[in-house]
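Input: structures, listed below.
In what comes next, subunit A is part of two complexes: it sits with subunit B in the first one and with subunit C in the second one.
And then the complex of A and B:
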């Protein structure tokens, strides 16, 4: 379990109720999004299952006995989706991917890493990117495979790389 | 009517003639009967009624024993007693078993009326009263007992007073006594309400009279001193009539509501200031009606009148919160002020529930909740909904950072 420094809002009971006042709510949602992103980053997780959210200390502060309800969480995630920082994976919107960097940012990050290491015009497997020795210390090290693929696809659209299929694994060629 | 019996017009032993009168009609309770334009003879024991000329001839006539009568009253003719009283009402005790047959077997009434065409002869009325109170039938008879021990017919006097002789048994007896009780209550209720109605009518009359007099006074201001006017008004006040705005006094409803709105605004200003500028409509209704005393208004009337408060430039207005709660609010009592004071209380207490605020600010829970909602709407509070209920906190989201 990741240890992060909880923001002051986490111990503020109204934080766990979606505020009806629009200005207040904007501030609240922003705080939640920051907290969620930070938490996911620290725990190296990228998906949230709304149905199991209340088991996580992120959404359940036992010390003040407050829980974030599923509906409230859905509201927050939908708001995140508007700014491209989250996306639902299934149609019933139960499982969400959370991007603490947007896919664009991830893509750029990977591309600059590739350029810096002289990997242009060469091929590396996705496993190398994810778990390889070369990427240790990079932010995308250990990144969820699905997100990695999506990030690379944004690069592909820009024509900076090309994804390719091998027999049992995927690779990418940077240009 | 069932207390009357048919009997030949002869005096009993020890019975004496007292008085007579003509042109007498008998009513069974409030109903007319066939017995009109007769002659009445009062004796020490009975009242006899017969067609003119029958009684002196000793023919069969109607007879009512005086012992049935326990109360006599005069019924006034018109409302203002014009022409003097014309009827005597005799309230009668229950029928005594063994009575001779009469014109009616049963009667729903427990009183009869004798109507005198030429007005009641005061001497007759007095004599009747005396005869009833003298109770000649209870006095031991001078005649020797041997003559008249034969029951019923000749002895007018029963051995016991009529009230004590309620010998009724069986279900019929019980039913009758219940029925009788019902009737008595019914009657007393209707009498009571009649009085009330009359009182109200009179009150209206008094108001009109007072109005005309006061307008006259105003016209003749030179002649009558200020003191007299004041004194006259204080008399009216002591009668309990302070010109209440009543519905009938106005032609159209809107005029009525306008008047009512004016009255409410005059009355509630001080009260509202005392209560912190805001009051739920239910409380207002109680206050208004308590002040009016009589001529109460309905909640609907109050609501309609309050809706007109703005049109008459009253210093207060009706306010409907988004939750549906209606309050009367001073115009000076603005949302910003409420929010400010409430947020101060929030700072002092850390957080507040509606109940807690109602205790601190001394307002009803409903109003406390509305105050918190108002504060929230203005961004000075934020809510916390949990299983413990609804609480409000200072809005740190906007304050911090």
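And then the complex of A and C:
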């Protein structure tokens, strides 16, 4: 279980009920988004399955007996999607990817790591990026492979790298 | 047979009346002059006193309160005007400075409490934000109340809501709380739970359901209360401004 310092809202019972007043709701959604992002980051997870959400302490505070309902979680995730901080990966919107950094930010982070390590014009495998010894200590070390690929694709669009397929793995060439 | 009054008598009477009136206004004039003189002397003394103890007033909360009380008792408000001899003393400045700091604290915490803050939390935060010197730390609730009252000149944006037992809330959003809403806050404060419900208002304040619901709905609409539908019995209305963990959160 990820250890994070829970914000005060986590122990505030109405935090688990979507608020009807728009200004209050905006504050509530913002607090949830920060909490979700922080929790996912601490537990090194990138996906949320709404159907299983209530098994996670993140959405179920047993000490005050409050749960975040599936509908409420969907509201929060859809709001995160508006600012590019989450995206559904199945059609029924049950499984969501959460980006505690936007894909753009991830892309830039990887690119500056590559530049700093003189990897321009050379090729490395995605496995090296994700699990390699050179990236230990980088924030993207251990990042979900799907997100890694999406982040690199944002770089590819900018012409900063090119994704390539090998026989059984993927690689990337930085420019 | 009764004789009617002659012209002479009437004139004599009128003359007398006039003389009385003259004498009367003369005495009044005299008294007025004397009073003005006394007041002048008093003002001078008070001014001298205040000048002499200026630093004491600024530094010492106890002294400041007594000075305020004295001024209030004789109907003088040293904060009423920046002009005149009080401005020399800088007593007003002390409260204006406090006022600005109060506004800062209220704005900084608005995101979590919706513009309602207990005087105690306000004081704790304000003292933390001020310097570490003793004179910066020595701020009483009376000082804060005096300063908030001065903020009224900005309209009804800053008001003090008494919630009983020597406790106050400072409201920093426009819009006045009506009596019912104040009673709701008092109830929540008295219970110490940070929440109330319609049934509590109905039972404890003998309100009917519509009245209770209206008051609570209005507070939700103002962003002062959060609703919680997960209680087993009924909907609860929570006030973050009174929720201990919210109060102590940075």
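Following the convention adopted for this analysis, the second predicted complex is superposed on the first by the 175 of 175 C-alpha atoms of A that agree within 3 Å, B and C clash if a C-alpha of one lies under 4 Å from a C-alpha of the other, contacts with A are read in each partner's own complex, and residues count from 1 in each chain.
Methods note: a contact is a pair of C-beta atoms (placed from the backbone, for glycine too) under 8 Å apart; a residue touches a chain by one contact, two chains touch by 3 or more.
The structure presented is a predicted model; accordingly, all values stated were derived computationally and were not measured.
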For this session: Specify the outcome, clash or fit, for subunit B and subunit C once both structures are aligned onto subunit A.
Result: clash
For this session: Would you sort A:12 into first (subunit B), second (subunit C), both or neither based on which partner it touches?
Result: both
For this session: For A:82, select first, second, both or neither according to whether it touches subunit B, subunit C, the two together, or no partner.
Result: neither
For this session: Would you check which partner chain A:20 touches, where first means subunit B only, second means subunit C only, and both and neither mean what they say?
Result: both
For this session: State whether A:91 touches subunit B only (first), subunit C only (second), both chains, or neither.
Result: neither
Problem set entry | Stretch in clash, subunit C with subunit B, out of 74-82, 110-118 or 164-172 | 110-118
Problem set entry | Contacts on subunit A seen with subunit B and repeated with subunit C across the two complexes | 8-9, 12-14, 16-17, 19-21, 23-24, 27-28, 65-66
Problem set entry | Of all residues in subunit A, those that touch subunit C in their complex | 7-9, 11-17, 19-21, 23-24, 27-28, 65-67
Problem set entry | Touching residues on subunit B, where the partner in the complex is subunit A | 351, 376-377, 379, 382-386, 391-393, 395-398, 400-401
Exercise. Which residues of subunit A touch subunit B in their complex?
Worked result: 8-9, 12-14, 16-17, 19-21, 23-24, 27-28, 31, 65-66
For this session: Show which residues of subunit C lie in contact with subunit A when the two form their complex.
Result: 111-112, 114, 195, 220-221, 223, 226-231, 236, 238, 240, 243, 245-246, 248-249
